[in-house]
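Okay, so chain A shows up in both of these, paired with chain B first and chain C after.
Presenting the complex of A and B:
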């Protein structure tokens, strides 16, 4: 796959405080990359540097096809409240003059909005505004899309529509970067995930990888959990937040049946056990651990 | 570039706050007419057998430096001063800057939109003042004798004297163009500074403070009196004890230099600004 975005040694320092540190990232055609990280980790700053709203202190951002432009979806909808949705898009399209009326109408229909709706955007629901923002991002058919919290304000149907739209755009060769807090959505939408913490990419996870040795397991009580930790070894068992039974991810190359066969005789009361896909939540927690009571 | 300028102008002008233009211009026109009619009733004017017409209402409103300074000019500043701050706060700047080929193009469109808004504002104001004046003063196709040949005591008060034979329509057209240019240059000062300050409440305070200071420190220091437009452009027709009038060409040059300097300052700030 052809690389459409290459970020090399990117740094951003504001008032002597490093916001981004040595970011290296690539994005290929048709790839959906998720950016996750705690608040203030630098996700939005990275997206703004890629789009040119913020200048980098050092490093480079190379676009394979800069002339095709970048579609941007900010975290909060930025629209002119007194104009209709179509008029808003017309105004934005008038800058590049790449999208004609027909393309604007198509983009609005794609996100489930009626181009003939004359209602002022100020009267739109948050979900409708978000759909309109998505329409402005895709109407000029850019090769790169930067989406900052794209599911904000969308109802469940809107989220499903968004997911399908992103898959369709990716299949047409559009590279997409999504910054989000919703780990589950990122898991469902993205091919690859970069975890940002304190301005650095601390881990990249390929969600399509088939070489997984993870087993999700929950036990009946705290004492069972302690026994399980002793059996597996502390490094091979990552706890997960749970509201009822102690739960965790076991890193083991053993098949599930073999694990069961070893745990039951050891007197560990197992509530559930199954082969797990990559657990983004667990990885994220591991990468964003608290240090001295505050986020790293 | 034209598309960007058009978009910025639409965004700047089509806002509810522009409805304030109607009561503001109507108010200053009423105040001015009330003032003029008071003089008309005064025995001294009766004695000179002078009468007023609609153009006294129009020109008098724009030439009254108090109304001009504290209503017309300040209102325009209020209407356009958040041009940059609003874009940053709403993330709109992310959508537009991303579509521009460079930041200078974006800044040029911003500056041009302020000038266009200035022209629309002044034209609209002139029309409002014209119709309000029409309610109280008779319509004529030439300036009144009060405007062309005022009593000598009136000149010492610091008012205008229009050369006889001047076409009022041409004069008003020139007044609209020049006023639009001057108020736009003045409004560009807070707009440019807003690239750094980014505080919606602070930026309009700058021109307001400037106007207060220039009002109380009134002198011949013209650079401090950028707001006193009539004294600059129609200096030849204007008599004042407190400010030295400038010729039309020098005032245009002065304002142009200030405008160009502000564009360069904005472009420099912009090259180092993060949105």
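Presenting the complex of A and C:
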């Protein structure tokens, strides 16, 4: 996959206080990257530097296609309250003259808004404003989208719509960075997650299962469990607390189908078997431990 | 891109309903000046004299606030709403963005203050007959105003427009650092009155240049040029400083 964004040794210092320290990050075409971190970790600053509204103290941000622009969804809706939704987008579109009226209407329809609605944006609900902001971010068909807390104010249906829209855009080759506090949403939406703490990326986690070696497995009886332990080796099987069937996490590089194919002939009665999902919450807590009562 | 930004800014500033409201307020204030004019004696009441009296009575006090309210908040409003990030993400460079604002500030004031004063001048034609300004003109230009009342009124209009662009530019410059819209729009008024009370009627006191309290030693045309030059210098300086300061800033959000 072609890299559309490359961040090298990025630093931001404000009044001698480091806000971002040596950030290195890449984003490929069609990739959805989640940025998570405690409040004040530097997520929004990083997005603002990428979008060009803040200058970095050192380092570089390289866009593969700078002419295609960046779609930005800021943390709070940035709209002129006296204008209608369509007029707001028209105004922003007039900066580059890239999106015509038809494209503005399409973008509004994509996010579930009526372009013919003449109501002033000041009377919109927070969810409608957020949808409109999303429309302005995608209307010029940028190759890079920066979304800061995109689910803010959205109802459950809006969140589902957003998720589907992002998957669709990613499948069209758009690279997306999402900063959010909602770990569950990040888990559902993103291919990869970067955890920022105290201005540094402390960990990158690939949420795509192909790189995972953990399989959650439960068997019918204690004797089946003993057979499983013998098959896997004690070090590769970690038991999990269970109310009914014996259950555990198997560490194996084999695909699930292959594990299944080996266990069934061995006479092990399997109740369930699946790839173990990454526990983002556990990873996040590990990376953002409290130090002296504050996040480190 | 710069042309698009300028076009967008002009469309935004001239499309604001706020300007219409402030225009009506401004006309109301100037009509009050005409009412006061009626209480003063003059050999001949004329529309030009009413214009000269009312503008000279009201604008040296109200113009800084009118200018600040009308176009002074252009940048502060964008910063407050968070629009700057959306401009920058579309590839607009800081100097392009702020240049659009600076040009919007100047053109906005030319249209707003110019339009206000032209409307008021036309209104005075409905109230009084045209004729010379015999009494209420600047001391240094009494003879000129009596013989060329129309030109005198147009020169006044130009001076007020230049002063208004200077006040608007001060607000723009302040908003490079301050996001609070209220503080930004009242700053030109505060600075103007601070200068009025702290500086004596010297060469740099802005009140002298707005109320035309000039001596009679120079010729009228020279004095008019001096007054206009004073406001143009301030206007150009503050607008250029605003463009430079914003362009050099590291955080435009």
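Operating definition for what follows: the second predicted complex is superposed on the first by the 228 of 296 C-alpha atoms of A that agree within 3 Å, B and C clash if a C-alpha of one lies under 4 Å from a C-alpha of the other, contacts with A are read in each partner's own complex, and residues count from 1 in each chain.
As a working rule, contacts are C-beta pairs under 8 Å (C-beta built on N, C-alpha and C of every residue); 3 or more make two chains touch, one makes a residue touch a chain.
The structure displayed is predicted, hence computed values, not measured ones.
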Fit or clash between chain C and chain B when superposed on chain A: clash
Which of chain B and chain C A:95 touches, first, second, both or neither: both
Touching partner for A:179 - first (chain B), second (chain C), both, neither: neither
First (chain B), second (chain C), both or neither touched by A:53: both
Which superposed partner A:232 touches (first chain B, second chain C, both, neither): neither
First (chain B), second (chain C), both or neither touched by A:107: neither
Contacts on chain A seen with chain B and repeated with chain C across the two complexes: 14, 48, 51-55, 69-70, 72, 74, 76-80, 82, 91-92, 94-97, 136, 140
Touching residues (chain side chain C, partner chain A) in the complex: 1, 4-5, 7-8, 11-12, 17, 81-92, 250-253
Residue ranges of chain A touching chain C (in the complex, touch as defined): 14, 48, 51-55, 57, 66-67, 69-72, 74, 76-80, 82, 91-92, 94-97, 136, 140, 146
Touch list for chain A against partner chain B, complex: 14, 48, 51-55, 69-70, 72, 74-80, 82-83, 91-92, 94-97, 136, 140
Of chain B, residues touching chain A in the complex: 3-4, 6-7, 10-11, 14-16, 90-100, 272, 274-275
